[in-house]
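To keep things simple, chains are lettered A, B, C and D as they appear, and every chain counts its residues starting from 1.
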Amino acid sequence: MAIVDSWTSARAARQVLALARKLLSERGQANSLGLAQDLIGRMGALAAPAWPAVFDKLAADFNPEPDAVLRAAQAYADAPGTETLRALTELSEPPRQELFRRLNRAPGGTGTLVRMRRRLLEGLKAHPDWRMVDADLLHLLSSWFNPGFLEMRQVDWNSPAQLLEQIIHHEAVHAIDGWDDLRRRLLPDRRLFAFFHPQLPNEPLIFVEVALLADMPDAIAPLIAKRSEPLPASSYKTAVFYSISNCEPGLRGVSLGNFLIKRVAEHLKRELPRIRQFCTLSPLPGFAAWLQGLSSLDDLPGLKPAQRERAAQALERLRHHSAAALAGPAALEDEALQADLRQLAAVYLIGQTPLPGGDPVARFHLDNGARLERLNPGGDRSAKGLKQSHGMMVNYLYDLDRIEEHHEAFTQGEIATARAVSGLL
Amino acid sequence: MAIVDSWTSARAARQVLALARKLLSERGQANSLGLAQDLIGRMGALAAPAWPAVFDKLAADFNPEPDAVLRAAQAYADAPGTETLRALTELSEPPRQELFRRLNRAPGGTGTLVRMRRRLLEGLKAHPDWRMVDADLLHLLSSWFNPGFLEMRQVDWNSPAQLLEQIIHHEAVHAIDGWDDLRRRLLPDRRLFAFFHPQLPNEPLIFVEVALLADMPDAIAPLIAKRSEPLPASSYKTAVFYSISNCEPGLRGVSLGNFLIKRVAEHLKRELPRIRQFCTLSPLPGFAAWLQGLSSLDDLPGLKPAQRERAAQALERLRHHSAAALAGPAALEDEALQADLRQLAAVYLIGQTPLPGGDPVARFHLDNGARLERLNPGGDRSAKGLKQSHGMMVNYLYDLDRIEEHHEAFTQGEIATARAVSGLL
Amino acid sequence: MAIVDSWTSARAARQVLALARKLLSERGQANSLGLAQDLIGRMGALAAPAWPAVFDKLAADFNPEPDAVLRAAQAYADAPGTETLRALTELSEPPRQELFRRLNRAPGGTGTLVRMRRRLLEGLKAHPDWRMVDADLLHLLSSWFNPGFLEMRQVDWNSPAQLLEQIIHHEAVHAIDGWDDLRRRLLPDRRLFAFFHPQLPNEPLIFVEVALLADMPDAIAPLIAKRSEPLPASSYKTAVFYSISNCEPGLRGVSLGNFLIKRVAEHLKRELPRIRQFCTLSPLPGFAAWLQGLSSLDDLPGLKPAQRERAAQALERLRHHSAAALAGPAALEDEALQADLRQLAAVYLIGQTPLPGGDPVARFHLDNGARLERLNPGGDRSAKGLKQSHGMMVNYLYDLDRIEEHHEAFTQGEIATARAVSGLL
Amino acid sequence: MAIVDSWTSARAARQVLALARKLLSERGQANSLGLAQDLIGRMGALAAPAWPAVFDKLAADFNPEPDAVLRAAQAYADAPGTETLRALTELSEPPRQELFRRLNRAPGGTGTLVRMRRRLLEGLKAHPDWRMVDADLLHLLSSWFNPGFLEMRQVDWNSPAQLLEQIIHHEAVHAIDGWDDLRRRLLPDRRLFAFFHPQLPNEPLIFVEVALLADMPDAIAPLIAKRSEPLPASSYKTAVFYSISNCEPGLRGVSLGNFLIKRVAEHLKRELPRIRQFCTLSPLPGFAAWLQGLSSLDDLPGLKPAQRERAAQALERLRHHSAAALAGPAALEDEALQADLRQLAAVYLIGQTPLPGGDPVARFHLDNGARLERLNPGGDRSAKGLKQSHGMMVNYLYDLDRIEEHHEAFTQGEIATARAVSGLL
């Protein structure tokens, strides 16, 4: 049985590759479309066990010819010019790229390539050479899913049920507990915006959830409470990005969140001129693990001696609590302990080298040009929040007039930090 | 005055280039969007005299580093692998491409690049080195305007007036003489389909006009008559593509017409299952000039001796008529003369090497997989028709089941030809 | 406190009535709109206790003047003609109608009147004189909600969530148990169609649910099973209307269901030419109560002696079972008992005078021109089904070519009945 | 031949009437729809000569029964109550109304009735008894085309060509000279709004053209100049209704213009908060004819002696000019003459009894609550303008806060008049 399956898989993979080679060798475009449609059909029907063979071949066989490239590079170096350059760029581009472009021309091609990359990424660790294939896919998808081509749509209770169902499914930060919970998140003081691509009109690519509040929030629970009373529009002063979720793993590495946040901020500024500030209420997912693994503060060269001294004292005090105790609800009631946690969270965010250590959420917002605004101990009292970050949450502030400046500074290794945080050190 | 202008132009061009370099050097994506928007604004405001300096620099300065490429090619040749390949592809791609991709990310970027290429093409002959810039633009635009991203829409009398106005303006084959003429071409027995890109939703890229008839037509006049009575739907048996027009010179070389014709054919087949055949009624624009310049038939090696003999006799007979006479309406009444013209049109289409000589319309349809079906002397009695082709028109037949086969044959140097035409030789 | 409330109510009612009189007395139309908008606002804010006073006055004060009408009728009888007729129709129409028409002209007017009638109907039994108001409202709403003005829309999983939520809420026949249940009822082999009015674009007025099946069904459970596998489209042969629900009590008496069913049938016939038959699977809600109250068959003059004899035997046998036993699940397993129930159901439907007794569902479909096609004992095994109809369900067949004939017969007191049912007597 | 036609007509009319009687006698609603559809089909095919017979019968045969009405009126007078009222309203309503309501239920019914009334109105003068039919049609159409059911849409250069074509066709005040002229009237400083009914979604019912200007205009030519430069949005201070046209003669008497103007004014106020005033620039169509027929000012009792004296002097001076001279372009250059005309125009508008004499445009705006704001001699120098009104144009001002007050005053016989006009007397 397994042997039969394996035979079938191998044959299906060979057929896909043969068709791919045929599509790539097609000179004109008259047949390309038909061939691409065939290939898309076969790829859609290809079973999981058949894919590794396809990826292996895509990585091994669809590369530039080393000798030809070398000759072209030599010719270009000898006489840089239109013709030598053309030859060079043609020969040095992996033929895979042209194959993917041709697939993308046919109906359903874009979706097929995105789904193919999803599979590829799942096996990437085990097959390092597939990275060559991935580089080409990422290069092309970044071009095709560039924000100029994306459409931002507000999702609300008037949106199609099939779309809302996907939102429920993909919310990755603060899970949505069914339709009633979603409905609350779509009342007027909550907004949800998503990016769509014209080729995948019914599939949200990424979405962000926004709460319209009077003030910058210090805890997540009220924002996602299912039965809270909606705030009247006259009170909206602060727009809080409290959750951002990617829906499509096949687009990993394609920059979307950054553009979505900024486009939403501009949209809300126009619609609600009273909004004074845009900020986040974000988790600090790596904090607990970092703290756990922290033996000393010596390898944090960014701290000044006095800072290091005080942080070491805080760390010392924390050592008296077991890991379980630190991640338990009782810890939230211990004010001194919370103060120590806050101080070490500041160290975690602005004391590491390179900044901001390994925290992906912090890196995302800071690289976007946000400012590290406030630390909120006890901001997330969920089990997950306690376990990953001892309940700590962070506000990052998006000051639309200064995000370029902050981003610039961040690329120079400097974090824009409000005094409320920097003063903790 | 001219000096002042020239100074202003030069300064504006320098500013554009400086911004372009800044955009390209930006590492993260946070600032890219803002920079790209600035650059798009400046490019939109750049006066005509400033562009050549921009194009010169784009051609001269945004190229791969010859030495770096050579080293990367050597490294790749020594040890082909993920890392050496990544280095090679990065270093051998002209940095212009990344610049254009970043522009394309911002609102309005796509349109700006298309309009920039329009300008570039206008000066290409005079500035051969701009071809390097053009190659990169074409490469990227082909990827962004691939048919998978395009939307086909039917244009009819319910379409927005602003769109219909563009159709009137861009019809290149059989000019539309105002709104009443257009209206006739949108009655139920005439159809018009266009491609649109999501980034340019109000600008048709290319459109094709279709007549629904009982039989394959042999003359254009009845198809574009302003006051003709619409045919009842029950009589539709043949769909005739009688005009195809590109609207956007900045997309020259991006393959659109081929895909449009096929998508329209599929659409009509679904909507009107009674349609039995799809064909064109096409001009033969190079015929008169070719005939004029034809001194002998000796350099047409494709002809067999007997064919050459008969064609030479026909040519000889035509020599008795002046060029003016051949392009005059009286010639249309001379049956013997028309027979000679038809024979030589067959030679023009299937006797040249390489096939089909320099006729762009014939090349377009034959490469698409159409069959050369019939020659129609006197099919176009307009002044332009008489002048360019002595009134000759051609039907190319799109047999949807055989277009791949015909295309394949054409790439091998063979033209699919109906006996009605091949028999003329 | 109650006294204060009562004072407030009385004052609010007086204000509404004063405004109503002002609106009615307005001669031109310039001010009508503003007055109507004011009145709509006040009516929307009127608390429940204030309404009876409004309805009382509407019934008492907005009537034709008896003397004036009598004089006009005399004048018309003396000299029938344009002027006497005009005077008569003007004077005999209750001024309420003009009031309601003026309200209906303003934004939100239609909805306000529909909601007002909803309240009025709730109190109609206790206030018989309100029937005069109701007659005028029904007269006008029938004109404004005539099917020519309604839009039929298919509701599916792509419909707005807010609409689907209303569907879940209003399904009156076979309750929808949440979003997953609804989703199953919107898969391709289930359809849902609703009527909308342009003035109330987000409020479904009535909807019908359809199952696409191979054969006429004899039980409801498989049709509303939450996890059933969708049938492939190639198997659709029968369209079954298995549930029809009104959403708006304020439109009671306005004929909607009849038109909806026919429009849906025509729509499905066009979309799915393979559908051979349209039928219902309907409850028999009054059957159990009728049977319970049936002392003898003597007052069913429609039965012939032999029929009466056999029915009486069946009835006699049923007397041996307690009411609880008849409505219990065990009864479903007793074949003889089910046969007796089926026979008496036939008596219930076609033996009463006038036909079909008091069963509203039967009356609805038979008056629509459907044929009584089949009785299905045990078709509804739910507690409600057992209690109301001993589990009996009915198929009514909509033969589109014969519905007029059947309807005609029904108005003459004759029920179109398939032999499978008439043979039971 | 004529005899044959007449026979055919008579038969077709009889068939229509027979079907109408059948539809009306139908008790249930099951067959109504089918019958109504048949009848609509036949009415659509009915030739012009057949209609008078239909209208004659509709006027003669579909009336209330005099005796029955009289008995019902007596019964109602004896005992006013629910049942006697119901009987009265049923018996006194002409059965025509129910017939028309049933027609209106079927697809296409509304359009059929509107077109039928168009025909009816054309023959109304010659057939006074058709007024009974017209009264019923107007009664129902007023209810169905009430503004609450109408949709206001802005028409612009993005609107469907088929709609724009109708606009060109129906503009009745200042003719639109083809597509280019229309295009100018749709540039940003010109607006066009129309009412549509859901049952006739592609047919504008009435439309108004608006110019956005800095100041109240005193001449029409610049507003409708084909090549004028659009005004920048920052200059818009005044919105001028410069043309209002009904598209559907079958809706004569149904109040639409009043509501359209107010809804447009509210829409513009929201969109362009800088707009300070709304006014018209209107013709004075009856002025020249009135002046021509004016023998003395004695029958204008509204004038005070001094006013009469001065007006008589002006009239005397005008007597020195021939009618042709007064309607010629030279008259426009004679300042003294223009002053006299202005004075008499004021007399024409505010000196007649009842106000404002027979001028339909003045009556329309004044009854809407507008104020008579300014007289503009030489405002319309077109041949038609000179002939009908000696070139005089009028501004009526819509002060949204005071239109109710002005309308109220007008119904009391008083015209709201700016001092600039009243001072002329």
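Keep this in mind: a contact is a pair of C-beta atoms (placed from the backbone, for glycine too) under 8 Å apart; a residue touches a chain by one contact, two chains touch by 3 or more.
This is a predicted model, so every value here is computed, not measured.
Novice: Among the remaining chains, which ones contact both chain A and chain C?
Specialist: The common neighbours do not exist; no chain touches both.
Novice: As a test of understanding: of all chains, whose mean C-alpha position lies farthest from that of chain D?
Specialist: A
Novice: CA centre of chain B versus CA centre of chain C: separation in Å?
Specialist: Roughly 61 Å separates the two chain centres.
Novice: Just the number, please: Cα centre separation of chain B and chain D in whole Å.
Specialist: The separation of the two C-alpha centroids amounts to 53 Å.
Novice: Between chain A and chain B, what's the gap in Å when you average each chain's C-alpha atoms?
Specialist: The answer is 41 Å.
Novice: For chain D, which residues are shared contacts with two or more other chains?
Specialist: none
Novice: Write out all the pairs of touching chains, ordered by chain label.
Specialist: Once each pair is checked, the touching ones are A-B, A-C, B-D, C-D.
Novice: Give every residue of chain C touching chain A within the complex, in rising order.
Specialist: Spelled out, the residues of chain C in touch with chain A are 157-162, 164-165, 178-179, 183.
Novice: Could you list, by residue number, the parts of chain C that touch chain D in their complex?
Specialist: On the chain C side, the touching residues are 27-31, 33-34, 63-64, 66-67, 69-70, 72-74, 76-77, 80-82, 85-86, 88-89, 92-94, 101, 104-110, 128-129, 131-132, 135, 140, 142-144, 146-149, 151, 198-199, 255, 258-259, 262, 367-369, 403-404, 407-408, 410-411.
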